[in-house]
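Heads up, the next two complexes both have chain A, just with different partners, chain B and then chain C.
On to the complex of A and B.
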């Protein structure tokens, strides 16, 4: 039915819809408050300024924090400076604040994101299943330098990837970049060798076990701390390798998962195109 | 605030089993399919436990961070009824898949199917507006791959169309969430709902339009539903049943959770904050969907395409029901959602059996089905009669409530009565045409269709449920009424159950 519509009508309709969207977009700017007129009470969650969820929760229970004339930037809020390498038993304990939000406060979202990647990889395998696969023959065989170079680089890249995801709670990075780094090492092996193929079953096992590890860490939290994905380890001293509780464990699981998943996707997507 | 953290297993167990399915797949492909049956059985009985022991409404706290600081699931009456519905339909289709899914990479198919159902359960239970986006991605990505599964080339075209439209939709949703976040600095639905009036109304309007546009893709509302006919026709029948019976449920849930709980302004009839009333906008979109969907279904000669357009039209009716904004209207919406989901899933499954015996999808091919298989004919008739709203079948009660709610609202909504009745007449025409062909015409060949046990179980269960709801509407009616209360009374029904001390202003 839709295909009978003349081309012109479709275009006019599309321009109309896009026009409405653009007008709506610019209408918003006319109503935006100016920078110096912004009321922090409105634009920021009042609890944000507490920088301490435990403390804010106590205030929440008393119900005083939703008064209309409450000023969030208060002087009487206790604030203790945090020193790298000294402060211990903090609420979260991760030196990298992004990590602490991604894995601890909003760990459930991250579990979802890991699943999204897993599903995308599975979907690629489902759609590409049954395609004729031959390990492609390169027209020009990789040179000796390439062959040796990728093998040496692989070891370094692999170690670096592991380093990145183990130190996710201390330095920028974490499980997702770490896994991607490992997968890039595997990609190097594809480029550097004639007819390289990784152990597919091994990748699947690795992928499944690391995904299950994440959920099992969550269930341990449910059993031990009465809440799914709750931190069940001590948070330690900020800046230490063994700090921030279960963040490092989760990032190890994510790193292994992302690494094996991206490698498997790379492997699945290499199909002989038969150009000649 | 009542908490029951064990219910995190509703999301945790499907995830754990989905990750483990590739391992079971090494042992046997059949085992992978059985894992989906067992997992969804667990979900269904957990849902029944929450319902029958009346544990709802409760919160599930994630990671010991109380809302609004961390993430939470909120399982009220609306979420409970949808969890039971989704897991029941999912369980039945997974039993059907034991028989039907034999082609290609069965292990990954089972995995994606399980995660689609699990993701939908997460979608209807989460209490965080960004977490909704995550679950939309989970259901979206698994459904693209599911829609492309199957031996036919046309599946790929439908899946690709769906991928493009749905990705744009979820991006628009993300923009909308972003705009709200810049204004209020929180992602928790309850806190946003309590403080929504503090935002700039122009920005709120634009964010609302983005959210409606993004969610209408999943909820199959015109003009965002161009993907529906091609995707449903292209996908294998169990996948069409899944998309129609489960996917659209999640879409409608999120759409009206955002409109009524987050944007909603309490009153006799819920309207929304902002420069335009988004509820009225959705009512207009819903009415257009019904008219266009029914008329398109009427001219179809392909039964599967007809079911796809009919599915679109039914979702329009659901959207109209919620958008009336009264308790009765929401009740009609929830009830219609349940009826549509059960009946349409069953009809796609029946069509799957018919097609697997080499009979085509064309309307002429249905001639004389009674002589080949009385079982399939009778169940198909039950589904049709429920969808067109005959008394003693489930669909009657929801359409009755829809008309009742429109009369109560009056004014502009008098047109809705006309639309619902018009839709019923058109539906009656095209469904009874097929049913008439099935019973009256003599078949060209008299090969009997022998239905084996595993596809018969879901069809029997669905048709018994349709008649049970038709005779005893209180099975669904009671909890639908509670769900309607949750939607129309946003502070008492939702916000205060999540953050008890919050003050709305």
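On to the complex of A and C.
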């Protein structure tokens, strides 16, 4: 059957399928606005940028927000200008608008995302665990320079990862990149030392505690404020390190969780290849 | 020409990434290469989603001392919502890739090969 088909025919068929897909893409392009016509002012994101979602929702409740002709959004919502370093007590104090969406407005999504990452990590450990793991012997032992260098680099990388997830509400980055940076430091330790293995119990404890911290922060919001994962801290002045309420707390929890999870995945992935 | 590049280069790139990834998935029989192809499709999709929210004159959606997102009541930043969705998608892509690689390791340990056809023959 398929195995009798010559290789050439298969490749031509594959190109044919890919071509159909590309034609489909082009059909979408004809319907899309050109790049310089994309206008954020007509989309919901406008209110995320202006940090005025609550007001927009109130207008929606009064029924004055949408009309029957599907004119998407009104542009005459009153707007108070935001100045960096001066405006305070905003609806959401994060200078990074993407962070304010990820952690604050759609924090429940991010909880689900963390859950997916947790399931993937536990799946990896479930699949790769169980056999007797021999720590792989490197053919060339790492030199003294490698050993010392990776340990110094680990300290710097660890600090940088912590910096990235603590400043998640001010600069690009956040909990997920910060955690990945920390895990890359641990990968360096694997390269630099013969037979290195991280403290597995410590990783598990860190992971569980930070995951619990996220849910507990959400429940505090449920008890103290109106909804699950609601901001219960003052938002402060936009641009300060101690601003944006609970976003920094959640990103610290996410950073620790992602860092320990990816380190555990790296540990599980280093499998003996049984080469002499 | 510059106008064309500004408007379409990222969209064309995203489309090309999806096409290349799909071609790799369809023509290779090695499981590892199929996973790599799926990853390329993943990147193409993420690039597509970010690109449709971007226009050449937009600024980054981060308030800084010199970066004003709202001028005269009009938002001039790129759309932050698709960017945050892509942040989610990247992490989930990482998780699924790790799981797929772990399963590939197990398949290699059981069958001694990563070739899909040889695995099928060995099954019979």
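Here is the rule we go by: the second predicted complex is superposed on the first by the 217 of 276 C-alpha atoms of A that agree within 3 Å, B and C clash if a C-alpha of one lies under 4 Å from a C-alpha of the other, contacts with A are read in each partner's own complex, and residues count from 1 in each chain.
One rule holds for everything that comes next: contacts are C-beta pairs under 8 Å (C-beta built on N, C-alpha and C of every residue); 3 or more make two chains touch, one makes a residue touch a chain.
Just so it is clear, the model here is predicted, and its values are computed rather than measured.
S.K.: Considering only the touch criterion stated at the top, classify A:10 as touching first (chain B), second (chain C), both, or neither.
M.R.: After superposing on A, A:10 lies in contact with chain C but is clear of chain B.
S.K.: Return first, second, both or neither, reflecting whether A:239 touches chain B, chain C, both chains, or no partner chain.
M.R.: In the superposition, A:239 touches chain C alone.
S.K.: Just checking: does A:86 make contact with chain B only, chain C only, both, or neither of them? Give me first, second, both or neither.
M.R.: neither
S.K.: Just chain B (first), just chain C (second), both, or neither: which does A:109 touch?
M.R.: both
S.K.: Looking at the overlay, does A:25 come into contact with chain B only (first), chain C only (second), both, or neither?
M.R.: both
S.K.: So, does A:98 touch the first partner chain B, the second partner chain C, both, or neither?
M.R.: second
S.K.: Scan A:120 for contacts with chain B and chain C and give back first, second, both or neither.
M.R.: A:120 contacts both chain B and chain C.
S.K.: Which holds for A:268: it touches chain B only (first), chain C only (second), both, or neither?
M.R.: The second partner, chain C, only.
S.K.: Counting only touches as set out at the top, which of chain B and chain C does A:172 meet: first, second, both, neither?
M.R.: A:172: touches chain C, not chain B.
S.K.: Using the superposition described at the top, list the residues of chain A that contact chain B and also contact chain C.
M.R.: Residues 17, 25, 32, 43-45, 48, 106, 109, 113, 116, 119-120, 123-124, 127, which sit in both footprints.
S.K.: Quick one: in the complex, what on chain A touches chain B?
M.R.: Checking each residue of chain A against chain B gives 1-2, 17, 24-25, 27-28, 30-33, 42-45, 47-48, 53, 56-57, 60-63, 65-68, 104-109, 111-113, 115-116, 118-120, 122-127, 129-130, 201, 204-205, 207-209, 211-212, 215-216, 218-219, 221-222, 225-231.
S.K.: Going by the contact rule at the top, pick out the chain B residues touching chain A in the complex.
M.R.: So the residues of chain B in touch with chain A come to 5-6, 8-9, 12, 15-16, 18-23, 26, 60-66, 68-71, 104-105, 108-109, 111-112, 115, 119, 122, 128, 130-131, 134-135, 137-138, 141-142, 144-145, 148-149, 156, 179, 182-186, 191, 194-195, 198-203, 205-206, 209, 223, 226, 296, 299, 499-503, 505.
S.K.: Across the complex, what residues on chain A touch chain C?
M.R.: It comes out as residues 3, 10-11, 13-15, 17-18, 21-22, 25, 29, 32, 34-38, 40-41, 43-46, 48-50, 79, 81-82, 84-85, 95-98, 101-102, 106, 109-110, 113, 116-117, 119-121, 123-124, 127-128, 171-172, 174, 176, 238-239, 258, 265, 268-269, 271.
S.K.: Which bits of chain C are touching chain A when the two form their complex?
M.R.: Interface residues on chain C, with respect to chain A: 6-8, 11, 15, 18-19, 22-23, 26-27, 51-58, 60-65, 67-70, 73-81, 83-84, 87-88, 90-92, 94-96, 98-99, 101-103, 105-106, 117.
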